[in-house]
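Paired with chain B in one complex and with chain C in the other, chain A is shared by the two complexes that follow.
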Partner chain A sequence: MILSLARASLVRHRTRTLLAVIGVAISAAMLLDMVMLASGMRVSFRSLLLSQGFQIRLAPRGTLPFDTDATIPGASSIIARLEARADVLAVSPVLGAQLHVERGGASVSAAALGTLAAVQGDYKVLTGRAPTGDGEAAVNDALLAAVGARIGDTLRVAAGFDPQLRGYTGQRTIRIVGRVHFTYLAAGERALALPLAVLQAMEGPSQADRVSLMMVRLRDGAAVEAARQAIDREIPEVSAISTASAIEQVEQRLSYFRQLAFILGTVSLAVGFLLVTTLVTVSVNERLGEIAVLRAIGVRRIRIVEQILIEGTVIMLGGAVAGLGLGLLTARYLNSILAAFPGLPEAIDFFLFQPRDAWVALGLLAACGILAGVYPAWHGASRPIAGTLREEAVA
Partner chain B sequence: MTENGVLISARDLTRDYAMSGSVVHAIRGVSLDVRAGEYLAIVGPSGCGKSTLLNLLGAIDAPSSGIVMVGGKNITGLSDREATLFRLRTIGFVFQRFYLMPVLTATENVELPMSEAGLEKVARRQRARELLAYVGLAERGRHRPTELSGGEQQRVAIARALANRPALLLADEPTGELDAHTGAEVIGLFDRVNRDGTTLIVVTHDEDLARAARRVVHMRDGVIVDEQHR
Partner chain C sequence: MIALLPLIPLLAAQSIDSQPPRHPPRTIAVDERLARDAGLRIGDTLVLAPTPGQAGDTVIVSALVKRPADPSEVARGAYRIRVHLDELQQLVGYGERVERFAVATRGHAATDTALGAIDASAFGFRAYSSREIAVESSTTFLVVSRFHRAIGVITIVASAVFLLCIMLLKVDERRRDVAALRLMGISARTIMRSVVLESALIAACGSVAGVALGSAVSAFVNWHYQRVYRTPLTFSLVTGEIIGIAVALSLCLGVGAGWLAAQRLVRQPPLSLFGR
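Let's turn to the complex of A and B:
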């Protein structure tokens, strides 16, 4: 009977209830988005780092991978030392550079990664194959589109431009042998992969036997942190960064995102709370006479409170469920905007949906719905019966 | 009920209200005995304390001093929970403005006190139908209060008041919102309820309703000034 009364009270003012549910839905959508934002980057970044199976990354001492133009000297010696370790399965060296690419009348710049095809973890071959020979390259769609090329075509590439000689340096003619997708590059960024030795040679003596980064894959069961510490200690040229510490460092850099998410999430929760409190208070104040009569005929105070709490909770949960869908839609839209953020890998999601997030948002909203009704419910149910009826009669 | 048949025994009741910085003495030392099965009308000018006295007898208000015994039980010291339970089991209320739940049907309104008392749905639905038939509204059970006339609403309210078979029915100006014809129907219904064994106390300005009672108590300025037995 109390459930019937609660349902009927909500239905009695359909428009008001609907507007409240919509208000809560917007608030819930924002809350869900903020919960997703708070954990999305961390989770997707972690998943990105682990996707290629490398647990440790080595950057020039004191830097983060590709954070500066610094490179690691004596790469082949370091690789040999690493490969000699019992817990290391593979080492993938990477040299990053910026190249000029020409074909026909088109001339563009593109990111170039020099890798060892057999152990590389930077790209996935979509069609064709990975470059292994001296005059070979694999190219992504953005670069293919920019120069109007396809697999089998040749490109003129150069490592730099000498203004005194007014000519390109480190020029090569290469043939496209594969179409690839670069895992860590931003969407739309033009890029090509070359054999490591080719890119080192193109860059000249300054980059001989140098790499920007080494990715280390450990054997199954190896202790990652112990290996990281040992490498960091034994090889002074590098800073060894495990996936966990990389995530930690990224988290530190992106902590403002979490703070923003926390503040906006709290605000949206507070807005939802106040909205339901206001609505329930108005609803209770309209029904003070009814409540007094219910009390007079023997309905217990707790039953009145239950009824009002049910009303608040139904509004909050109704809004939360609608807000879930709305939140996912807005998250998708916002993700598409933020994905164009310069320098961020295409695979990074700002808003990553996880069922846990939905449950957290739903739980918070349900708790708010209950709490929002507590004061007006108790206030309404605790008013003196005779006095309230007298005031109603006078009114 | 006590050995001598007294259902209600009120002694030296006072009820004071603080209002705008001053104290209003709504009831000033009222003592009253009501025997089981009586039909009592409390009459008097507006503001004389009739409704306040009724509220004290029905445990929806507490006296400033004095005691009210109902069925030998002192109800002035009850906790909120005990008073609620007492009202549920012992008292039926009928109000001037009916105060039916607008979102419930007539049948559901009658079922409400029975639901609170824990009666099973089938049993309370059956009793609600019987009560609606008793008040002449057997065919109106599915209607909401807004679809009923004032007289019909008051009869539903009377059926609701009788739902848990109360020993005492308290009615505050039950014909106050009704025209003469429907008022007369309600008066007739009260007479029948009383004859069927329910003790009835009505507060009224309605001379016809007061005339129907077997005992009339006159109040003025918070005290009982006269009493008539018929």
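Let's turn to the complex of A and C:
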């Protein structure tokens, strides 16, 4: 009976109920988006960092990987020291540079990564193979499109200019041996991978035996934090950064979005709560006589309270379910806006859907729906029966 | 001539060692954030080295520099110092190279001419106008701005629905009053106007409260993020134009919601409003 009465009450004012559900749906969508935003970056960034199986990154002391143009000197000696450690499985050195790529009279600039093909974790080979010898390179789709080349074609690349001689420096003719996808680069960023020694030689004496970054893969069961601390202590040229500390530093930089998510999520919840409270309060005030009659014929006070609480919860949950779909749509749209951040790796999602997020949003809304009905339910159910009936009869 | 050094890891501040300097120490300017964190003061002696632990040049802190309100650097925690150009070139083995030149021109026309002339004659570098650089470096903020606008649209839609709901509840509450007024001869048009006026007044009161709340929140946001990022940058700006747009939007929504709600009242016959 309670359910029937609650349903009848909601259906009696269809427009009002529909508007309330729409209002709650928008609030729910916003809440879901903000819950996704709060956790999405962390999860997405973490999975990106761990995707290649490297737990520790070494950057020039005091910097984050590729945050500056600084490089690590004496790379081969550092690699040897790292490989001598019992807990280190592999070390992948990376040198980053900007190269000029020429083909058929056209010249474009592209990011170049010098890596060791056997241990690299910066790209995935889509077609062909990784570059291993002098004069070989693997290229991503953006660069292939920019220079109109294919696997097997040759390109002229240069590391810089010599203004006095009016010519390129560090020039090479390279053959494209593979088409690759760079894991950490932004969408549409033109890039190519070369063997590390080739890129170091192209950059000249200033980059001899230098790298921008080293990625360290530990053996199974090795203590990551202990290894990080030991490396950081023993090698003064580098800052050792674990996945956890990298996430922490990125979160610190992007704390704005987390705080925005918290504030907007709270506001969404408050708006939904106010909307349902207002609606249920007005609805109860309109039905004081009806409630008094129910109580007069023996319906217990608790049943009245239950009915009103069900009304609030149904509106909240109805809106929440509708808001789930709406939230996923708006999240995709908002994510497409933020994906345009310059330099943001393509794999990073600000709004990452996880079932846990939906349950959190749904739980919060359900709790709000119940709370929203508490005051009007108590107000309606605790009115004196005789007095209320008389007032309603007079009215 | 002063050079800007963006790479703090190239530099290591350490106590003066026992080796006497080969020439009188030169001076550097230190960003006040670094000075505060490292406990540096004017007159302190430091050693600048390209790599931690290596020998370097002894310098004296001669000035503390306030960081400019540069949005492109707000999230970066990098420290900065300013060093004499020749000293930095020598220190990092950069030869006689520089990363960029800043050229002052005599007006817009001269800028365009200079850009063309430099690009035509120079090899190995390109000239950009300050406007081009500003557009390029503000991409991040354009993205954030678009994100804020999208959130704003969602908020406006939510507010509109909320307002419409409230107005609907308000007019529903007064069905009998309105029925009585209609039976007394008050025209539907007058009732409509009164409802719309009421909703406009509610929207106006809400706008005033919203402007006050928004200003307070804006002040808090600036205070909070200026502390978090240690920058004089203004994060939230409440301008007359923004207030005007917000109030106008609020009034439009209020009037629209009132009109829609009033339509429900005046379209029904008075006796039907009485429930007969």
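One rule holds for everything that comes next: the second predicted complex is superposed on the first by the 395 of 395 C-alpha atoms of A that agree within 3 Å, B and C clash if a C-alpha of one lies under 4 Å from a C-alpha of the other, contacts with A are read in each partner's own complex, and residues count from 1 in each chain.
We take it that contacts are C-beta pairs under 8 Å (C-beta built on N, C-alpha and C of every residue); 3 or more make two chains touch, one makes a residue touch a chain.
No experiment lies behind these values; they were computed from the predicted model shown.
Per the overlay, which chain contacts more chain A residues, chain B or chain C?
Answer, by number of touched residues of chain A: C.
Applying the touch criterion given at the start, work out whether A:V299 contacts chain B, chain C, both or neither, answering first, second, both or neither.
Once the two structures are laid over each other on A, A:V299 reaches chain B alone.
Touching A:R390 in the superposition: chain B (first), chain C (second), both, neither?
So A:R390 only meets chain B here.
If you stack the two complexes on chain A, which partner ends up touching A:L5: first (chain B), second (chain C), both, or neither?
first
So, does A:G62 touch the first partner chain B, the second partner chain C, both, or neither?
So A:G62 only meets chain C here.
Pick one for A:L264: touches chain B only (first), chain C only (second), both, or neither.
So A:L264 only meets chain C here.
Based on the A-chain superposition described above, do chain B and chain C contact any of the same residues on chain A, and if so which?
none
Within the complex, which stretch of chain C touches chain A?
6-10, 51-53, 75-78, 93, 122-125, 139-140, 143, 146-147, 150-151, 154-155, 157-158, 161-162, 164-166, 168-169, 172-173, 225, 228, 264
Could you list, by residue number, the parts of chain A that touch chain B in their complex?
Against chain B, the touching part of chain A is residues 1, 4-5, 8-9, 11-12, 289-290, 293-301, 303, 384-387, 389-390, 392-393.
Which residues of chain A touch chain C once you look at their complex with the stated criterion?
Listed in rising order, the residues are 13, 15-16, 19-20, 22-23, 26-27, 29-30, 60-63, 67-70, 73, 160-163, 166, 206, 236-237, 252-256, 264, 268, 271, 274-275, 278-279, 282, 286, 330, 333-334, 337-338, 340-342.
Quick one: which bits of chain B touch chain A in the complex? Just the residue numbers, please.
Those residues of chain B that touch chain A are 51-52, 55, 58, 60-61, 80-81, 84-85, 87-89, 91-93, 95-97, 99, 101-104, 108, 111-113, 115-117, 160-161, 164.
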